Structure formats: C-alpha cells, structure tokens
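One structure coming up, written as structure tokens, with questions to follow.
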C-alpha cells in the first residue's frame, strides 16, 4: 500500500527546477529558524529573568542566598530559608519516590503477569496526567488531614526522637511533610515509567543466565539488572528531582507559607516556587518584585545544575558500562 | 561465565534465607505498585464524589453566581481554557514540527544533538519561571500581537503555554520522523522529487499520527498548567470572553482560586471542575497513546 | 491518515459548537452591546462589587468584570493600566502613588475586619483586647486557655487548645488594616512587624485570599485569623468582640462601624484615612474598621463610564439593599463629599 502511494502521488513533480531549489532553501530556512528560535527561547528566559532580578542583585548581592529575613515592610529580603525549604521538600520527595519508582519499575517489568502489565502501567502513568492544581486541591482536603491524623502521629511515635521528625505544634495539616508527600506522588509516575523502560531493556539472556546459575529473582535484580542500568536509574531520579524543584502550585496549597523554617518537617514552611506564586502578583514595592524574580533566578540556577549533573552522571555510567 | 564471576553469583546452602529475602523484595514491589494505583484510585474517587453534585447543564453553560448565591457555573473558564490551549497549540505545533523536521531531515548529527539538548533543558524549566518570563516580556513591555497595551491577555497566557508545549511536540515529532522508513524518502528522491516536496508530501503525511499524538499530549499538559497563567492571564471577570486580547478565566486558575473557598457552592464547583479537567486529560492521554501505537504499527509493517 | 484527520476535525467542531453554546447562555445576563469595565483588587470589597454588578448592568448597560486578586495585585494592575480601576483597602504608599502616575484613590465603601476563630467550646463572641491579639499573632500567647485570654472572659471555660494564627500569604489590604490596628495597640508589634499589605508574620501559617484564610480557619481547630466581616458571616465563622479604647467589647455591626468612621471626621487631601483604634470618646466604635478605596488614573479613556459607575456606587450603591447584609456601612457625608470632589478630577 505504501509503494502504491509512492508511484502515483498527486502533485509530486518529478523534475528538479529552480522552483524546487527555492523550495528546498525555503524549507531549510524555515526549519532552521524554528530550531534557532527554540534555542533562543532558552537564552531569552535566562536573560529576562536575570534582567528582572538585577535591581535586587544590585542591592543584596550574593548575600541574598544566605540571609533569611523576608520583610516587605522594611524592604529586606533573603532567600536562605526558601532555598533550604526547596531542597528539603524536593530531596524528601525523591527519597520517597525514588525507591518506590524503582520498585514499581521492577514490578512492571518482572513480576506482573504479562496480561495485566499494560493495564497497570497505563494506570500508573495516568497519575502523571493529574495536573498540579488538582493534586494540590486533593492534598488540602484528603491527604493533609490523613497525614495529620494518621501518618504524622505514627511517624512521630517511631522516629520522634530524631529532630527532623519532632513534634511541630498542634497544627499539622499545612506542613513541609504534606508538601513532601504531595510532590512525591507527582514524581513517581515519571520516574517509574523511565525505570520500567530501562529494566525492560536489559537483555533477557543476562537475566536468564543469572537465574540459570541459581539466583533468586531478587538477587538477579540486584546483581544483573540494577548494575547495568545504574546510570539510567540515577538519571530518572534526577529528572524527578528536577520536576520536584519547580513545583509551585501543589506545594503552595499545602505547605503553610511560613518562614523561618523549623528543624522538624512537621511544621509549616515555604519554597522558592511557592513564595513566588503567592506574592508576585501583589508585591508592595519594586524591590519586592525584583527580589521575587531573584528567587526565580536562583530556582533556574538550581534546575540547571540538577539537569547538568544528570547529564554528567549518565555519561559517566555510560562510559563505565562501555568499558566493562 | 566472565560476567557472572565479576558480579559474584554463587550458589550457596543458605537457600531458605535467600528465598525469604526474595519474597520480601517481591512483596515490596507489589506493594509499591499497589500503593501507586491506590493513590490514583483514591484521588479520582475523591474528586468525583465531592464534585459530582455540582455537575449539571448549568455548570457547563452558565457563568459564576453572585456572592453568596447558589448555582451558577464555570462556562467562562471552559471557554477561556479552550482559547488559551488553542493559541498555545497554534504557536507550538508549527514551531515544534518545523524544529523536528530540521533535526530529522536537515541537520548534521551534532547540531541535532545540541537542539535536542536545549529542548530538554527548556522542558525542565519550572513553569512558574516561564510565567515570569512571559510577564516580563509581554505584559510589562509593549509587544505587538502577543501582548498589547501592557495587558495580561489570552495571547500572553497562550504564549506561555506554547513555550511549555514546544519541547513535547518537538520531541514526539522527532521520534515519529525517525520511525518513518528511509526507503520512502529514498524512493522519492530516486524519482527526482525535491527535498521539500518529499518532506511535505511523503514524510509528513506518514507521520501525521505521531504528530497528532505529540500535540494531544502537549495539549493535555498545557490544559492543566496553572503557574504560567498566574501572571499572564489571571485577571478575569465573570462573563464568557472570546477576545484573546483580554485576560480570560481558565480551568486551572478557577480551581486554584476556589480550592479553599469556604462557600460550599464554589468549593463543590472546584471539585467538579477538577474532575472535568482530569477526565479531559486522561481521555486525551489515552487517545494519544492509542494513536501512537497505531502509528508505530503501521510504520512497522511498512518496512 | 484522512480518517484520522476527519475524526480530529469532527472532534474540534464538536468542541467549538459546545463552547459557543456555553458562551451564548452565560452571556445572557448582561447586555450584549454595553461597555465592559474591568477592575481588579481587594477581596474585601468583592462581595459588594458582586451585588452591584447586575444593577450596573441594568442601569447603564455596563458589563463590570472584577477580579478579586487582592489589594496588592489590584494596585499593580491599575498601575500598569491592565484594568480600568483598582480596588484596595490599603491606601497607596508614596512609591506606589508615584508609580501609578497621577492616580486618585476614592473611598467608596466602609466596613470592618473581624478577628475570626474556630475554638470549640468558646463563647459566640470571644472577648479579646488589642494587646492580647497582638501577642497571639506574635506567637507569644500560644494556647487558648492562656490566663490573658481567660482574664477577659470570666465565666467562660476555654479549652486547652494550641492557637494557630492564620494570615494572608498574598498582598492584602485586610492585612494592611489589621496591622494598622495592631501597630497602634502594641509597640512590640510596631517595632517587630510593622504595617503593610505584606508583612513578615512571626507565627502561624499563610493562605491565599480572604476565602483561603476563611477556609483554613473553618477546617482547623484552634485557628484564628483576620478577615472581613462579610466573609465571616457568609461562612458562619465566629468572630471576636474586640475591646475599644472606651473599654467596651464590641463585634462589628453597622452602627459600630459608623461610630468608628465618625471618630475621624477630617478627610486629608489624598483621601487616605485611618479609622482604626478610635479614642475613648467613641464608646460605640468598633476598633478595626476601614474604608476601602477605588483607585483610578486621573486620565483614562473610560473616564465617562468610570465617573458614572463610581458616582452610582457612592450614592445608589450605598443603599441598604446592597450593603446591609454584607455589613458595609453607608459613607459619612463628609467622606462622600470628598469622594465626589476627587471623582470630578477624572477626565478622558
């Protein structure tokens, strides 16, 4: 059928003339322009954000990064607690989501009966389709109360002697912990589907060889699958981290919007993205606006660094496995 | 076997313990998957059970009720989202497809890799930063077409969504273009057809399904994005507005605004709207996936 | 491929038809050839604007589109001329006035901020004083059974419940009003926190918008917040009886808001008025009352419509059918005169 469509297509002229050369050049020009614009957008975003933050950079310099006071009344701003909040929330989410995603990837590639593998995989990917604002809405009314009534007391009883799990006050719905759980739920689908692809990609002979030598399935996973896709797993986790860092809406709905941060995660907090989302529209002074854009610049830098690290890690693992 | 020695597989006598460890690991994997599905089920169930009461013909066709009154609907948000996503797609799809054509048909390997890299970088940008960028570009500065008169507008919001959609469309199109068998192209060139005609009349039609998939996935993602709209298209009134130079209401913004409304009526509408949004995104994603599978199969058999 | 194309086009057409149907129905309440006036800002005045909207539609054919995004955002929006008018409970700061380039602020409504709480077992109108409220929001009083609270409420048995202060996380005129009051009654507050639309609250959690804080308080036992009285009443949240300088514990009512306003008869040239914390010569005054302003550029293309609209709001709009249920008090005559005078300076 494809061959037939080739032999007699409507409108395909068969001789190359000047018009054709012009058409080729035009198409090349258009597509090159499109590609260039795509790259230009990246540069433009970085430049515009830096330009917008400049009034604040000029006033606060790099000290902005380690000063913690955010006081619009006296126009004194500092990002320290917001940076810490962002890192705590994101890394906390990855700590939960990473192992869970790997486990799910293994389940989908190894354990699930082939007949329902597709269905379950699709179901889990549908979780990725739920937008941030809906997860946040659900987080406020279903997850946060559940956290407050069941999870937090449980964790407090078992781990309460560790400072970061200490009791944070009677108000336990809008907390850093709620934000961590919400973000974890959001990054599990992406990370797990990448892990699943990775695990499926491991050659069957390697797996069968290990089983043939008498390994249990878990040992086979531990010694064959995971080492051969280690780089990919790390990349997947870092991808999830990148997503977690930039999460604004769901986080701002459940985190409590309060700084300075307490040591315990069962207390309210705030992150870079969440503060921008809350205060940008109504910032009372120009310096406040510029400081919020400065926060965006810091967020952008953290995202860049994370992406860059992911690339490096993938390259290093690729080199190592190529040598082996 | 060499590889086996390197990893250290050895059959030992402690079989029972190893089997127990194995069982635990398998259980953990099953639990993890079960937990993820349970969360999804609870989420969809919560949304549906809390919002179903507000779903009605009025809900879809009327504007919001006055303060304190019951009834009313979310029609302005539905129309506004449609407008925003349409503008976003109108910008992102041509740009993304053209970029993909460049990488797949014209560019050298290294150039293509660079483009792919920076598209990935763009994809990783937090959407709130993109919102600030478009605000600084279109709303603060007077730019023709995308934001005139220093207004927040559907154009500005749509442009922000387009930036988010672009990497998705480009990447999906690149994948499907790579799947188009080379013999189709070669046959066309062998017949003396020019490159641009080959691309337009042979390659693109063959990959239409994949491009549609990419567009659908991008639309599904853009429909739910709130952060880019916060500063570019947030000042919206109560009437349905088709004018793209105005700021319009939108589904995610309305959910965000009403998510904590103590007014029971508005609150229930937020849940119902959330359900509509999830339903739309799920249906789009499943459709996109189905289309992709079909494309892959057809291209596979054409080999 | 044509089949897919056909299906896609059919789906798009269906969506378009549905959307047109939706827009046709929802536009039914406003006249189709009227002028659209856009405004944004205070969530405090949003309920009142909402009741004014259909009346303005039938009186002048105006389609009033108002976005309750908070006073701070409203000021920003009108400064960049994204909307025809801004609404703010906080007067313009000197910097904002400069940035807005000859904008005027016109007081167009008068109401009060309540101290709303969710304490099971507490009286319907808990008695609180200014210093105690300041200490609560400073994080110095942390439990509802604190002796300072008990001293004001003899005979009431207060539960042992942690206090969670809830504040506005966005730029809010209600925050301005509340911190204005607290700065007057507590020098500790004045020094540590200050008075603005966006301040650094030392304790508690934040929520976005009047509906956000009202929602959090409804759901959280032991929570206390500051929110305009219309929201508190609408959502059945209890609010405190606050002690004024005459020693009386009062919760907001129309008479008490009017009493607070009449304690400050002078209207300055820029219409900026602070009516919090009236002196003890006003025993009936509720101490956390506030005017709310409409902010309009002096030169605007919609000058004629805005003048008509705002004049209507200042006169017809103050009638009890619109204002009484929401506890907005009618503007005093001297303020009305000043507002009308300022209104005349708006020109195309």
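Read from first to last, the chains carry the letters A, B and C; within each, the first residue is number 1.
Keep this in mind: contacts are C-beta pairs under 8 Å (C-beta built on N, C-alpha and C of every residue); 3 or more make two chains touch, one makes a residue touch a chain.
As the structure is a prediction and not an experimental result, all values here were calculated from the model.
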{"item": "Reference chain B; chain at largest CA-centroid distance", "value": "C"}
{"item": "Chain pair with the higher count of C-beta pairs in contact (A-B, B-C)", "value": "A-B"}
{"item": "Inter-chain centre distance, chain B versus chain C - centres from mean C-alpha coordinates, in Å", "value": "37"}
{"item": "Rounded Å distance, chain A centre to chain B centre (Cα mean)", "value": "15"}
{"item": "Multi-chain contact residues (two or more partners), chain C", "value": "69, 73, 207-208, 216"}
{"item": "Chain A residues counted as touching two or more neighbouring chains", "value": "281"}
{"item": "Residues of chain B engaged with two or more neighbouring chains", "value": "206, 234, 260"}
{"item": "Residues on chain B engaged by chain C in the complex (per definition of touch)", "value": "60-63, 66-68, 73, 75-76, 78-79, 82, 139-140, 149-152, 205-206, 208-209, 212, 234-242, 246-247, 257-258, 260-263, 266-267, 291"}
{"item": "Complex contact set, residues of chain A against chain C", "value": "69-74, 145, 169-171, 173-174, 252, 256-258, 268, 278-279, 281-286, 288"}
{"item": "Residues of chain A that touch chain B when the two form their complex", "value": "2, 6, 9, 11-16, 20-21, 23-24, 26-28, 30-35, 37-39, 41-42, 44-45, 48-49, 51-52, 99-100, 103-104, 106-108, 110-112, 120, 122-127, 129-138, 140-142, 185, 188-189, 192, 206, 209-210, 213-219, 221, 223-224, 227, 239, 242-243, 245-249, 253, 273, 276-277, 280-281, 293, 296, 299-300, 303-304, 306-307, 324"}
{"item": "Interface residues, chain C side, partner chain B - complex", "value": "1, 4-5, 8, 15, 18-19, 21-23, 25-27, 29-30, 36, 38, 40, 46-47, 50-51, 53-54, 63-67, 69, 73, 77, 80-83, 207-209, 211-212, 214-216, 218, 230-231, 234-235, 237, 325-326"}
{"item": "Chain B residues touching chain A - in the complex, by the definition given at the top", "value": "1, 3-4, 6-9, 11, 18-19, 21-22, 24-26, 28-33, 35-37, 39-40, 42-43, 46-47, 50, 94-96, 98-99, 101-103, 105-107, 114-115, 118-122, 124-130, 132-133, 136-137, 163, 166-167, 170, 184, 187-188, 191-197, 199-202, 206, 220, 223-227, 230-231, 234, 252, 255-256, 259-260, 270-271, 274, 277-278, 281-282, 285-286, 289, 302"}
